[in-house]
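Listed after this line are the structures, all set down as structure tokens.
Two complexes follow with chain A in common, the first pairing it with chain B and the second with chain C.
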Partner chain A sequence: MSKRWFASLFVMVLTLGSATAQSGTELRFCLWSEPKTFNPLLVQDDSSETVRYLTGGVLVRLNRQTQQLEPELATAWKTSRDGRTITFALRQNVKFSDGTAFSAEDVAHTIQQMMDPNLHSPTGDSFRSGEGKVETKVLWADKIAILFPAPIAGLDKLFDQVAIMSAKSPKKERAVLGPYYVAEYKAGSHLNLERNPNYWKHDSSGHQLPYIDSVRLDIQQNRDIEILRLLRGEIHLVNSLNAEYFDKVIAEKPALVHDAGPSMDSEQIWFNQVASAPLPAYKKAWFGSTNFRRAISESINREDLSRVVFRGHARPATGPVSPGNQFWFNTRLQPHPFDQKAAMKRLEQDGFRVQNGALRDKDGNAVEFSVVTNAGNRYRERMATMIQQDLAGIGIKLHVVTLDFPSLIERIARTFNYEACLLGAVNIGLDPSEQMNIWLSSAENHQWNPGQKAPETAWEAEIDRLMRAQASELNEKKRKEYFDRVQEIAWEQEPFIYLVNRNALSAISTSVQNAHPVVLRPQVFWNIDRLSLGSEVAQK
Partner chain B sequence: MKWVRRAAIIFLLAVALACVFAERLAPADYAHQFRDIPDAPASAAHWLGTDDLGRDRFSRVLHGTRISLLLAPAAALIASFLAAVVGGTAGFVGGALERAVMSGTDLFLSLPWFFLLITVRALMPLNVSPITSVIITFALLGCLGWAAAARVVCADARSLKNSDFALQARASGSSGYRLLRHHLLPNLRPVLYAQFWISIPVFILTEANLGILGLGVSEPLPSWGSLLRELEGYSSVTSNAWQFAPLLLFISVVSCFHLVVLDRELPA
Partner chain C sequence: MAKHVAIILVTVLLGGLLGATLIRFAPGYGVDEQELDARLSAGSIEALRRASAPDENLFLFYGHYLKRMVHGDLGTSRTLQRPIAQLLRERLPDTMKSVGLGALLGWALGLALAIPVAMSRAWLVDALASVMAGILLCIPVAVLALLFVLTRAPARLVIALIVFPKVFRYARNLLVRSAALPHVLTARAKGLSHAGVFVWHVLPLAGAQLLALAGVSVSLAFGASIPVEVVCDLPGIGQLAWKAALGRDLYLLINLTMMVAVVTLAANSASDLLGGAFGRSEA
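And then the complex of A and B:
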């Protein structure tokens, strides 16, 4: 009987030990560059974003697993019918890391700072909906209303990026509401984040979070060294891996790696459709033809790209939204199949024909063009080389040109002296409004033909109308209908020929518990306050 | 050490012959992608396995060697010729001209050539065939790689000009041209040879580095530079030992070149 009692006590101690704060435990991983700022409103780079995520307290948080918004410092929120006002009910008895009390005044202070045009806050840019000032009304100590000059679609989700700063603390942005605060920073070496003693969140058993005592972020630019350190057990996780590193780790320690499926990132090709571009008229005619673009698309073997270039850690892409985006992805669409016979039929409709193995247009011009991509990116170089062989199958000669990034941008954004371009898109947000700068024909990032004064094609006019309609609509179902149609037009017209969605790959030590890697950033430590360390702690 | 030199010559001849008959010896087209077997180990069908896109590595090594062995020495020849003309003239004439030319050479050396090369690539037309692109790359390297060699040649020419035999030749009434033609140039030859042989591996490696920045050989054409890029980074290196074949060949060929040259230049 006494043995059983002791055994039960032992199990209880072990359970409590893993669930409660672990004294002296330290999670270690690497930042790939120096954080540029600790001001959460000025964050632009990945390293600063990591520090903001680990230290910043937000009103609402997008759960990276369910992709649903969850209450954090705000217990409830409501957006007005006109989409211009959002009201937050705030959590009470919350303190900053330095002991300063949290109130609606801090939220008002943060919003005013963020919208200050002199600060040039990148976070604030997402909230700039129209001419006029953003106003804040402190209704009570725990209730605040924020008024915008024009409606913003998906307004509440934008607050996931807004870390609340203290209006009164002498420590300014160093006083935080997140699970950790920056305790030490050695430039070029590391950051030490210590547990916020005043963090408001508790688990279901009433234990204060986070479980892990501190986080050490080593600044390590060399990815090879990072992987070797992971394999040696010196760090606990690598948030994002490429396919080669994934295979390298899996060969040595298969339990460490995780493939969370298609990420939000995509790789695509587009043709230059700028009317004033310095290209021969016959080439402009090719690139402006839907049949030509569709034929090129159908001549590319996306399955092979995924399998060979990304070693199976990518999926053929369908359109601007990855299947990883659970709500906004249009499930009616499928990736364009590899079908060179169908491609030839489309080309024949436009008068193209094959002569002596070379494809020629109706005027006898041999179909030959170049695709530019950024030098040094092995994946894109390999994709371009595979596409070169695919297109040779229908008699098209493709020249692969790799350029340094500034030269590439000069060509695709200023001189428009290029024919086709292969690049990727990194989508951080889920909401279609974040793609307005790509799909509106007047936008500068409407890459195939940017900055149009009026839409030059009927389908672009239709996309403009749908994107504006979804942005001003508050009903999510209607917004989805509008954006589904945008995806269908993009699929039919193929201004971007989407190639693949890369999978979200990561590696985590088996000693890290409660880790559930997801496709949204930060893939591994999105639930940092719930992670705990088991017995197999990384060696110093 | 004659046997070492002979072995080196035989090896270089074998490599040269293999390159000449690359089309006949290669089991597959160097650009063809066997997509079902990327990164395959060596087999009867693919003697050195396949690369990351499934292309036959042996065929690519043969064609890449041909390109690099033809164009890197051509670029080294251009650079050595320019170094001989600029450095030799400056050293031989001396005085203000030498100072001016050497100042110009120093300025040339201090220019950020890597960035200028990138700019040149950015200005080149996009629809250029891979072979044209590789010729332009090596021609540029040859035209830009003379300055360091010119300094060495200049110093050597200066010292030769002031040597006893040159003074005696001058005292015997030799004209400037005769002195240059019959006394200085033959004595400059070892330095020029050394500069020539040193430049070859340097240009091959520069081409490999330029490839990373987009100025190298365009796909699908192989070169030693593009073949060596397979070994770029820890993640690229697999347990497949055949991946190292281009590196081994590169080291062997460059070593053989040096053995042949050293044996020729060093006194017995």
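And then the complex of A and C:
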């Protein structure tokens, strides 16, 4: 009897012990800046995006690992044949974090808010397909149809970014449907996210998700401190590492780091081709020449950039789509090879020649130009220096100018007082429609020559046609054909000289379980509701 | 007193105007990095540009700003998208704590070393303290802050190490000079204790000038708080000022300029007034 009693007591103590260990689990990591907004429709910066991802409930979610859409608050969805209407069947008996019931009214409210032209929601702008109003039709409490004025290709995928807000809750955007809600925010210091008690998702054994009770996001601008804290075990993960920190962590704790391969982000250089730019006419002629751009491209050793600047954690880039984008990457294309002899041949076709070690154009002007990049970005500064050395090999003198970000943007987007620019592109979505504002010649982000009234070159006109065609085509195979051709034209004409695709590098404490870092953002915590913490819990 | 208040008011208003002018004509003013967001439509980019574009001349803008300020509206930070009054309320206590603690410790350490050096001619203490002060003067604030981060030392103490060498060197020289005056030497020759000589003969001579240094050390501590808060990630006014400068946040920078001007001028005026009162009572 007493033996059994002791055994029961022992089991009870063990159970209590394990329960205590499991309860109160807190995942810690850092935001690099303060979130600018908690309104999911106004999210633009990375920190607000992180908070939205951790707290927002969406109708469909793009699985960051398989790159396929999965049902979330919508159990099923259907896009009409004309691509203008999408109908969602919604999950029943779902509640917001404050207990308010979720229904089709909330979806309608969110869409109406998002498409309000006065809000200027970046999320909403992705859905703007043409003139006219977006309409919502609540069919039942759990079914809604959304009608757009013009077809939108890849429409369902865009809903991955739309966090549904409550139409009725007094807490407004603070009432959420995601795994966590914002429980505390101390400006400049930290955010505490607590587990959403009404989160609808359960694991296969019926256990309510998420497994981790709370997430503490420390606002930490200094990356050195962030890495120190990771190495000391004070935080659990760093979602995105640069190559230098990656090597630093690997030297001390190799089990922590992960290289998921080429990310969606690219580094590129482009020449100013704006007709009204305050540049000498002969320079405008160089920058407008395909031969000139191709020659510059072939004179840059991308392998060296990857190896030296990014310490092997980058790949030579091919074009606007990274090989990490499994469906849309054009596999027929290869990065431009480093071949300065071929580059010289192209230049000779345009009348350039080398005299006393300096390249001169047909009118005798020495070929020299400046490249602007943002100050403080060590990788871009190093890349610019290496490109400077590469171009010296064909007699071109390159001047590197570093500017702080506002000054840089003023030059490249307002005054056009620059010759070439080296910057990076961050691609959040996979779908080519999200690059419309880059490739359309009339767009403001058509960096080399923005806001054209009519396409100034035949190849830009062709890109315009193809981008519009893919945006209104619902057949994925045909869309892929169109966008493959866009990638080919970009490869041939090189308005952007793509240099490298940085790898998606991250670091995760060994105490975090179920973590599978991927190339899509958020690389580490994309499956936040499935992550759990083991015995090695971070200490403050 | 009224003269001091008037000087503070005029200086703060001129400082604010000067700050506004510098920001307004700085390259990159009125530009928002969100313009490069490829998701934004042409309409949204245009709206962004309109929102951040300077729409009135500088003097009109400043006049309107002052009018709103009088009614308690300090404006909204463009980069952080939050009311400035709220930002200051949240961050000022942290900076005041750092600056107050740093200035206090810096003074305590500086005087604790300067007094024995002056009164007992402790050459070893003098040599060690002078070397320490010299080294600290040579190290840039940001590097010192980084060392504290790496060694996990409390970051607020960095400000103390910035204030200390200046206080030590100034106080040491002042006290040594005062201690060498004939009447002090006579008092000492008559057998008055070190403490007695210091309290009755040296301190009254040096007090007014030390108080003047106190005012300056507040500005020094405030100045040091910017790199310290940036490097050590302390959520205070210094960090805010850095962000505001990088983002060309006009409203935020004007408010910060005026606030820092008020604090430093008030500290300097207080030390002037106290010094004057000290000098008169001695006379």
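Before moving on, here are some points about what is shown:
Simple rule for what comes next: the second predicted complex is superposed on the first by the 517 of 540 C-alpha atoms of A that agree within 3 Å, B and C clash if a C-alpha of one lies under 4 Å from a C-alpha of the other, contacts with A are read in each partner's own complex, and residues count from 1 in each chain.
Everything that follows uses one rule, which is that a residue touches a chain if its C-beta (ideal position, glycine included) is under 8 Å from a C-beta of that chain, and two chains touch if they have at least 3 such contacts.
What you see is a predicted model; the values in this text were computed from it and never measured.
Partners chain B and chain C fit side by side in the overlay (superposition on chain A).
Of the two partner chains, neither chain B nor chain C is touched by A:138. In the superposition on chain A, A:117 makes contact with chain C only, while chain B stays out of contact range. In the superposition on chain A, A:386 makes contact with chain B only, not with chain C. Look at A:277: by the touch rule set out above, it reaches neither chain B nor chain C. Look at A:224: by the touch rule set out above, it reaches both chain B and chain C. Judged by the touch definition given at the top, the superposed model places A:126 against chain C, while chain B stays out of reach. In the superposition on chain A, A:404 makes contact with both chain B and chain C. In the superposition on chain A, contact of A:150 is made with neither chain B nor chain C. Looking at the shared chain after the overlay, A:188 reaches chain C, while chain B stays out of its contact range.
Annotation: superposed on chain A, chain B and chain C show a minimal Cα-Cα gap of 5 Å. The contact surfaces that chain B and chain C form on chain A in the two complexes overlap at residues 224, 228, 403-404, 407, 410. Listed in rising order, the residues of chain C touching chain A in the complex are 27-29, 31-45, 47-48, 80-82, 86-87, 90-91, 94, 146, 149-150, 230-233, 235-236, 239-240, 246-248. By the touch criterion given at the top, residues 34, 36-37, 44, 117, 120, 122-123, 125-126, 128, 186-189, 219-222, 224-225, 228, 403-410, 413-414, 425, 428, 434-435, 437-438, 442-445 of chain A touch chain C in their complex.
Chain B meets chain A in the complex at residues 31-33, 35, 38, 52-54, 118-119, 121-122, 126-130, 212-215, 218-220, 232-236, 239.
Those residues of chain A that touch chain B in the complex are listed here as 223-224, 227-228, 242, 244-245, 247-248, 251, 304, 307-309, 368-370, 372, 374-376, 378, 381-382, 384-386, 388-389, 399-404, 407, 410-411, 417-419.
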